[in-house]
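You will see chain A twice below: alongside chain B first, and alongside chain C after that.
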Partner chain A sequence: MLVAHLSPLAASLFSLIAIASLLLAFVMLGSRWLRHYLYAFALESWLIAALSAAVGYYGQYPELYLIAVLTAVFRGCLLPYLLLRIVRRLNVARELHVVVQASSSLVIGAFAVVFALVVATHIGDTLGLGGTVVVLALTVMLSMKLIGFLMLTVRHEAISQILGLLVLENGIFLGSQILVPGMPLLLEIVILFDLLIIVACFGLLVQYLISHVGTTSSLKLRRLVG
Partner chain B sequence: MTRDILLQIAQVLAVLLLAPLLQGIILQFEERVQRAQGPGIFQPYRDLRKLFHKQIVLPETASWLFWIAPVVAFTAMMTVPILIPVLTNFPLPLSDMGDILGGGLILTLGGFMITLAGLDSGSAYGGIGSSRAVMLAILAEPTLILVFVGITLLAKAMLPFVVNHLLVAQPAVYWSPAHLFLVAAFFVLLLVETDRLPIHSSTHVEVYMIEEGRILEYAGPLLALLRWASMMKQFILYTIFCNVLLLPWALSIEGTAIGALGAAAALMFKFTLVGCAVVVVETTQSRLRFYRYQEPLAASFLLAVLAIIGTQLS
Partner chain C sequence: MVGALLLTIVLAPSAAIVLILLARRPRLAEGLNLAASVIAFLAALALPALSLTGAHVYWASYIILDPFGAWVILCSAIVYLLASIYAIGYMRLLEEEDSLPRFYALFAGFGLTTLVGPMMNSAGLYWIAIELTTLVSAFLVAFERAPESIEAAWKYIIVVSGGISLALLGTVLFYWAGSFVLGPHYDMTWAVLRGAAPQMNPAVLLLAFLLVLVGYGTKVGLAPMHTWLPDAHSEGPAPVSALLSGALLNTAMVGIVRYLAIIEAAHPGPLPRLVLVVLGAFSLFVAAMFIVRQRGIKRLMAYSSVEHMGIMALGFGFGGVLGVAGALYHMLNHTLNKSLMFFGAGSMMRSYQTKDIGAIRDVGRRFPVVGALWLAGAVAITGAPPFGLFASEFTILRAGLRGPQVWAAIVMALLLIVIFIAFLNHFREMYFTPTPAEAEPAPARPVGAWCAVPMWLALVPLLVFGLWWPEAIWQYFGAIAHGLTPSSGVIGTGL
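After this line comes the complex of A and B, so read on.
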């Protein structure tokens, strides 16, 4: 396993990137403007691309450079651009009705991180890797997943829900980059195209919602249609 | 030994005498950023002198608490510099009286007395100011404790001197995410505790005032003491931020007179840097409304939690 034998500098670089992307997930959780979510998501994707390149450099996996470029192009540019187009078409600049206030969701997110840390420490100790960057990677991965779930739960706008899904996915990708580098290249490309299809389908769904229901907020979707 | 005692007195004197200068520098910079002339960096000294020459006017409803609060607040602010590295990077004779938590306790005691005094006179503004201040304290205190816990986990000690030595000796710790997040979390607390935007308003006497509301009934020398105490509190928090967390360098190592003087000069330089960051925040941020006070503090709480997560790595 690569991460068990890292130089201190590489370990601190990895941990800095991982924690910075966790912080960006919190920026998405705490802000209420849809545009800010998008910027934070794009930046997070760029950080993950940088992480891929760094893992490729320190672990001698040349194919990770390609994955880094693909991540930056697809997740960092194309997906945010497509979502930005949808946001412009929607005329919704922010979440109007929030279930949980931004600050409360930040605190809930902080507890999610603590929970993730406890779980990750247990896993790390079981594997005999306690106290290394593995624990941190697991923590960041689990907590980004939990934050993605949280965003899916407490937000109503369709666009923030898809972003929640993308954050969740980013978390898994980030964890896999650190924990199991050298995953087959094909798998990564398949995941990227999956994401593209998700966003395209979502664009169609938004069009449908606007034309038939007149809103994209899940608060208004109350009637069951068989 | 005598030299150490003299140094300790010098630490307290430095806080006492330089605190108005720090306030003056920040206010003057703000005026300059807003393209105004500004009264100069020595204006707080002139204000204090003017207030000390006025007579004391007491509200009829005030009790002994009203008298005692400024004195206790002022004394508390003169006690804290004994515990923290202001000029020297080694502990002085009385520095082991208390750790970081002890310093925090004494700082809070001063604030508590002012809150009581605000309630004491029975005026509406004093009550509102006290209630707002207490609400802010409720929001800020958990974060402060978490920051202390983070520092403790980072340095495996609660003494500010140990943290200072560790950060100077090990650049890896200085650049670790845990430390950087602690700095960010403490910066938010610094803005909240020193009456700056985005929570406190920049104009003083208005309906939304918090700190000013508590001391609205005071006049003359007692008001001067309170003002001076709040400037010293600002100076102390900046000292902890710079000398313990952000810029732990340029302190007197041997304890000579020249070294102490140089440390004082370096301290003002560091504070000017931090003050510039504060001025940027004050210029770019607008004031938050009452029900959004928790947002910056929740962010700070979060940063502290992330820092604690980061300390689990090494």
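After this line comes the complex of A and C, so read on.
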């Protein structure tokens, strides 16, 4: 188990990166400008790449360097580029109709983090790992999950929904680097490729939405009910 | 032998995709897809008997064939074959010859992913297979490019991707829980997880299972995560709806059942099964409510899928030999019957040029043969004897009455009666309510042979299985049930 014998420096480095990623999720939650989401997402991906490399270094998992490079290339460069192309096509710079004001969603997000912390502390205690970086990793993982779902529900632009899904995935990826660094390499690589395919598919669907439906806001997608 | 068959099942649709994309000829694409589905079906037909000798593991233990997987593969192959036959007749009606190769390439790809999912032996690869089914089928749902279908595809991909990301989180937590027992590096196969489950931390295990249940439950269409299902099923072309309902939902159910077997090995108390039973019962309830007031013909079929997935969840949730056998039998019957229903609905939709139940009238008089087949299917899908679904629903009900969750069995029986009345009432309207005299009946197009033959092919086995339940199938289900229950002492071999 990696976390059992971590040097204090490594533990604080991991914690720093995890908390910074969580903060970036809040940046996405608090902003209404689509480009801000995108930059925050790209930065978050770079942080995850740094985390992979750090875990690889401190835990002696050389294969994680490869994951770090791939994360930086795919999540840090390719995905934001693809998303940027979608944003350019959209002609929408920001969320037009907000269901929940940015400030309120920040508060809800804070509650989500508290809830995640309670769950993570409970699990950490039952495992006898209370107070270690494991609790933090679980907290960040669960709260990014909740924040991602929050973004999916209160945002209506197609691109925000895609980014909401990517935040969900980022949270899992970030947590899994700390919790299960020994996860089979094949799996991680396939999941990265998978993500690329997902975003490509989303791009195509957004194009359909623009050309055949004439809107990219899910508020207007209300033909199918009952 | 088994390896060669599995390879055939994977290669036949793959080769069809490549050839279809290279040739780009509509007629050839139809033929290639049909040929691939016939080959896959013939190969899958042999799998259940061969799988009984124990789990076959291939390719560095990433691929598995066990009795349970073989059964689901067979169900997928059946609906892929029936839908491929039907697609030839149905897609010609759309008069979009140029896009047919694209359709069949996607269709074969969708068939392929549903066939591959149950073969996955690694929990992670299984997750990826399920994700791929979503991506391929989303484009099939959006195929007609009408605003409704694109809306349905968008909702489908967002809701299901969100749900399935919960399953990924659950998968990671399972791996984490296992890493305390097996060390940081191990292959996350079903058997390994199951072997290690008794030593895993129960709290983490339970959290992981609930996440996986909600995640794959979204894909199965269990209420309240079913919201994508009626849209996607009703807006895609009819052969796609059949494949979604008859193959995709089962493929996702595989994950729930395998994870249930893992957590049951740790003796976690009644909670995991109870949650599955509650989700199943709630699906039945939601389906019943929406079936009563439904106006769209394909949405009616879609809610019926929610209902039957709920019944299957109840069967697996009740557990025991009876519950598992009933659920597996129900899987086959539902596959056949729902294909039949979607084929009928698709043909009527094309003939009457509407999806509205209120505008479809006099079906029996205008379409004596196809109408009769469809009506027989409607009687069958509501669980009336002498069809297969009566037998399987009754078995699940018996399993429920024997187990600790008698309330769920009673709720199931009551809701099945509600659905029986409501569903057949819609059919009574469509068959026996006379057309208003002033309304000029739309010129009904005849239903071609390509569309009628698969309906026969679905109905006849359904009737046979209702009257005659072969002893060998019973024993086969018994073997699967023993593989899934922890007390039988064959842990790790069956699953």
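One rule holds for everything that comes next: the second predicted complex is superposed on the first by the 224 of 226 C-alpha atoms of A that agree within 3 Å, B and C clash if a C-alpha of one lies under 4 Å from a C-alpha of the other, contacts with A are read in each partner's own complex, and residues count from 1 in each chain.
We adopt the following convention: contacts are C-beta pairs under 8 Å (C-beta built on N, C-alpha and C of every residue); 3 or more make two chains touch, one makes a residue touch a chain.
These numbers come from a predicted model, not from an experiment.
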item	value
Touching partner for A:117 - first (chain B), second (chain C), both, neither	first
Larger contact residue set on chain A - chain B or chain C	C
Touching partner for A:16 - first (chain B), second (chain C), both, neither	first
Partner chain in contact with A:30 - chain B first, chain C second, else both or neither	first
Partner chain in contact with A:135 - chain B first, chain C second, else both or neither	first
Which of chain B and chain C A:187 touches, first, second, both or neither	second
Touching partner for A:201 - first (chain B), second (chain C), both, neither	second
Which superposed partner A:109 touches (first chain B, second chain C, both, neither)	first
Contact residues common to both interfaces of chain A (with chain B and with chain C)	none
Chain C contact footprint on chain A (complex, rising order)	1-2, 119, 122-123, 126-127, 141, 145, 148-149, 152, 158, 161, 164-165, 168-169, 171-172, 175-176, 179-184, 187, 190-191, 194, 197-198, 201-202, 204-205, 208-209, 212-214, 218, 221, 223-224, 226
Chain B partner contacts - residues on chain A that touch it in the complex	8, 11-12, 15-16, 19-20, 22-23, 26, 30, 101-104, 106-107, 109-110, 113-114, 117, 121, 131-133, 135-136, 139
Chain C to chain A touching residues, read off their complex	122, 124-125, 128, 131-132, 135, 138-139, 142, 145-148, 150-155, 157-158, 161-162, 165-166, 168-169, 172, 175-176, 179-180, 183-188, 201, 203-204, 207, 230-231, 234-235, 290, 293-296, 299
Touching residues (chain side chain B, partner chain A) in the complex	172, 175-177, 181, 292, 294-295, 297-299, 301-303, 305-306, 309-310, 312-314
